[in-house]
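Two complexes come next, and they have one chain in common, chain A, joined by chain B in the first and chain C in the second.
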Partner chain A sequence: MAASFASRCSRVGRSLMDGLRNNFPNLPSTSRETICGSFLYQQQRTFIQMRTVLKVVDNSGAKKVMCIQPLKGKKGARLGDTIIASVKEAMPNGKVKKGKVVYGVVVRAAMQRGRCDGSEVKFDDNAVVLVDKQGQPIGTRVFGPVPHELRQKKHVKILTLAEHIA
Partner chain B sequence: MQSFIGGSIRLGQRQGFPRWNRAQFKSSAKAYLPSQSSSNAVQGTNNSIKSPNNHLLQFLGTTFVSQANGVCSVPVLSPLAAMMSSSSSIYMTTAAFPNMHSSEPFPDVPTRIKFKRLDKTAKHIMQIVDKEAVEEVKRQRDVPEIKPGYIVQLKVEVPENKRRLSTIKGIVIARRNAGLNTTFRIRRMVAGVGVESLFPLYSPNIKEIKVLDKKKVRRAKLYYLRNKMNALR
Partner chain C sequence: MGASRKRITEQHRLEYKFLTLIEEWMYKVWTELCRFSGAKIYPGKGIRFVRSDSQVFLFSNSKCKRYFHNRLKPSKLTWTAMYRKQHKKDIAQEAVRKRRRTTKKPYSRSIVGATLEVIQKKRSEKPEVRDAAREAALREIKERIKKTKDEKKAKKAEVVAKQQKTQGKGNVPKGGAPKGPKLGGGGGKR
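Let's turn to the complex of A and B:
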């Protein structure tokens, strides 16, 4: 939570976050355009794209992964999507090691996701659960809340492991 | 209107030229009155020059008399110019109608019909429809008043194949009024992670709303709470 405070404390808007996050010149600005003129506007959260660092919330051994490719999505991954990620930080003895390329399912995203009844949900951080190519989670426990959207994306196993469904 | 006046001055000035393209006045084409020989400006050429001039005047909504002496078009211009200069009083009435136009009424400029702006009318109608829909929902369900700073407990039925009624308890941090689509945001701590949800107030999925507590706040949108570590609630 502390890390997310530091990233969110500045109300300078998206431009600061974009500069930190996206260093690829050929990618157009993939963040949603708002009338982000003055620093008083809220921070506009956007997709999970290349070089987004996410938290890992299962017990597979990794701590932080960096997204290297969102599967399915030109602009980026959203809540419930799968990504390809590279492990940046891992626990010393775990199933995955640092530098490994893994698949992950986004279970918490700071960008709001609309539901079919008109409601929206957004979390305070970006979190991912590592899965294998078939979609089965590598770890055996999932921490924190997970959204209902996983049911629709057929990630039922993650839902059963979750401690709270938001 | 000013630009049109300028344009029509230019057009009027060009009346001395024999080929004057009358196609520029599209709408006045239908109001084009054939030059009636009953005019006192008998001479044919002047008459043909005069009648487009009269269209000009008709089109501007005047009942200005063109002193139909068939001399030349220049003196007719000066009243035209005089009319142009007094842009505020475009509608001038004169004593006598020109008798060449008395037989037929001005078809495209009758006595100044006002019509309402249709988009304003539409907005008004939409407002009424919206209010009616809100009344309808309020009659069926009891929706309490929700302002930012209230601690609220909701019973929501989630459509994603969930059996029943999640209870959601949190603080209202924002409320956006938009008629039937009035939404409010709730912030809560779920298992150590902050979650914000946005709900339409009159959604049929919200089965029950209960206000637990009211906190004193001094603003309408409490987004500063995102940076503050809230106690577990």
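Let's turn to the complex of A and C:
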């Protein structure tokens, strides 16, 4: 619990930076407008963009991955989008090595995503599953919860590998 | 809302575990309960937070969500359902249903093998009658056993006697008809 509290404090600092850096994302969505007022009380969650470090939640070998470019999206990637990323941290013997440029599908995003029934989903962290150019996952297992927005994006394989669909 | 209703293709039918999710994708028609305050969340409202350990939390508004993330306890906030439950507010108004103990009445019905009349007759038999019947049955069984035993004994004695006779004449196989060689032996002797 203490650890999570500490991380939340650091997140506040980071969110301030993020907020200062991108003013544009605040405008379009109404839900984030209300948050905009109370900076320190609620954390500003924005898109996954260049230099965003994401956790890798499959067994492809990589551990941490940094986003280079979101495919499709001027402001950034959201839940269910694909990104191009560079592997920053990898397991010693894995399919993917450090420094490799890979594609990934965002399976968990701290930024809330509207569901088709009007509610919103948000996850605890930013996580990605590495895929190849065709969209097939490189790894054979996916850890943690996964949203069923992926079905709309035709990432059915990831859904079948997932242990929990939120 | 921009919901692109997905056509339920053959692939979806095969993937059984996603079938219920498809129904959920169609308009949600039920209200859920807020995990924090206990309020009803109507369709289109609320925030769903999925924690890394796959636990899903539903919040009715950002107030509840904020309090949750700031780790406030709902049981300490007067306006939440949890607090009210803990401090037993509004319980007097609720109708207290007494749980009546259902007495099991012995119900008789006919079964295969014994119609209702047979069951009732058996039930109404006096113990002496039952004893007498039991003894009679036992006696019958004993007699039957005795009879079979006697029969077996007699048979055995017969066989043994025959064996002795045949052995006295000579080594004749018991399996074959003993009468044949005897006669032949008798004929030969003459």
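Just so we're on the same page, the second predicted complex is superposed on the first by the 129 of 166 C-alpha atoms of A that agree within 3 Å, B and C clash if a C-alpha of one lies under 4 Å from a C-alpha of the other, contacts with A are read in each partner's own complex, and residues count from 1 in each chain.
Keep this in mind: a contact is a pair of C-beta atoms (placed from the backbone, for glycine too) under 8 Å apart; a residue touches a chain by one contact, two chains touch by 3 or more.
Owing to the predicted nature of the structure, the values given are computational and were not obtained by experimental measurement.
Per the definitions stated earlier, placing chain B and chain C onto a shared chain A by superposition produces a clash between them.
Residue contacts after overlaying the shared chain place A:E163 against chain B and chain C alike.
Of the two partner chains placed by superposition, chain B and chain C are both touched by A:V121.
By the touch criterion stated above, A:Y103 is placed in contact with neither chain B nor chain C.
In the superposed model, A:Q112 lies in contact with both chain B and chain C.
With both structures placed on the common chain, the touch criterion links A:E149 to chain B but leaves chain C unconnected.
Clashing C-alpha atoms with chain B after superposition occur in a single stretch of chain C, namely 59-67 (options considered: 59-67, 95-103 or 149-157). Shared contact residues of chain A with chain B and chain C: 1, 5, 8, 42, 108, 112, 115-125, 144-145, 148, 151-152, 163-164, 166. By the touch criterion given at the top, residues 1, 5, 8, 31, 34-35, 41-42, 108, 112, 115-125, 144-145, 147-148, 151-152, 156, 159-160, 163-166 of chain A touch chain C in their complex.
Taken together, the chain B residues at the contact with chain A in this complex read 156, 158-162, 181, 183, 190-200, 203, 205, 223, 226-227, 229. Put simply, chain C touches chain A in their complex at residues 1-4, 6, 11, 15, 18, 21, 24-25, 27-28, 41, 43-52, 54, 56, 62, 66, 69-71. Residues 1, 5, 8-9, 42, 108, 112, 115-125, 127, 143-145, 148-149, 151-152, 163-164, 166 of chain A touch chain B in their complex.
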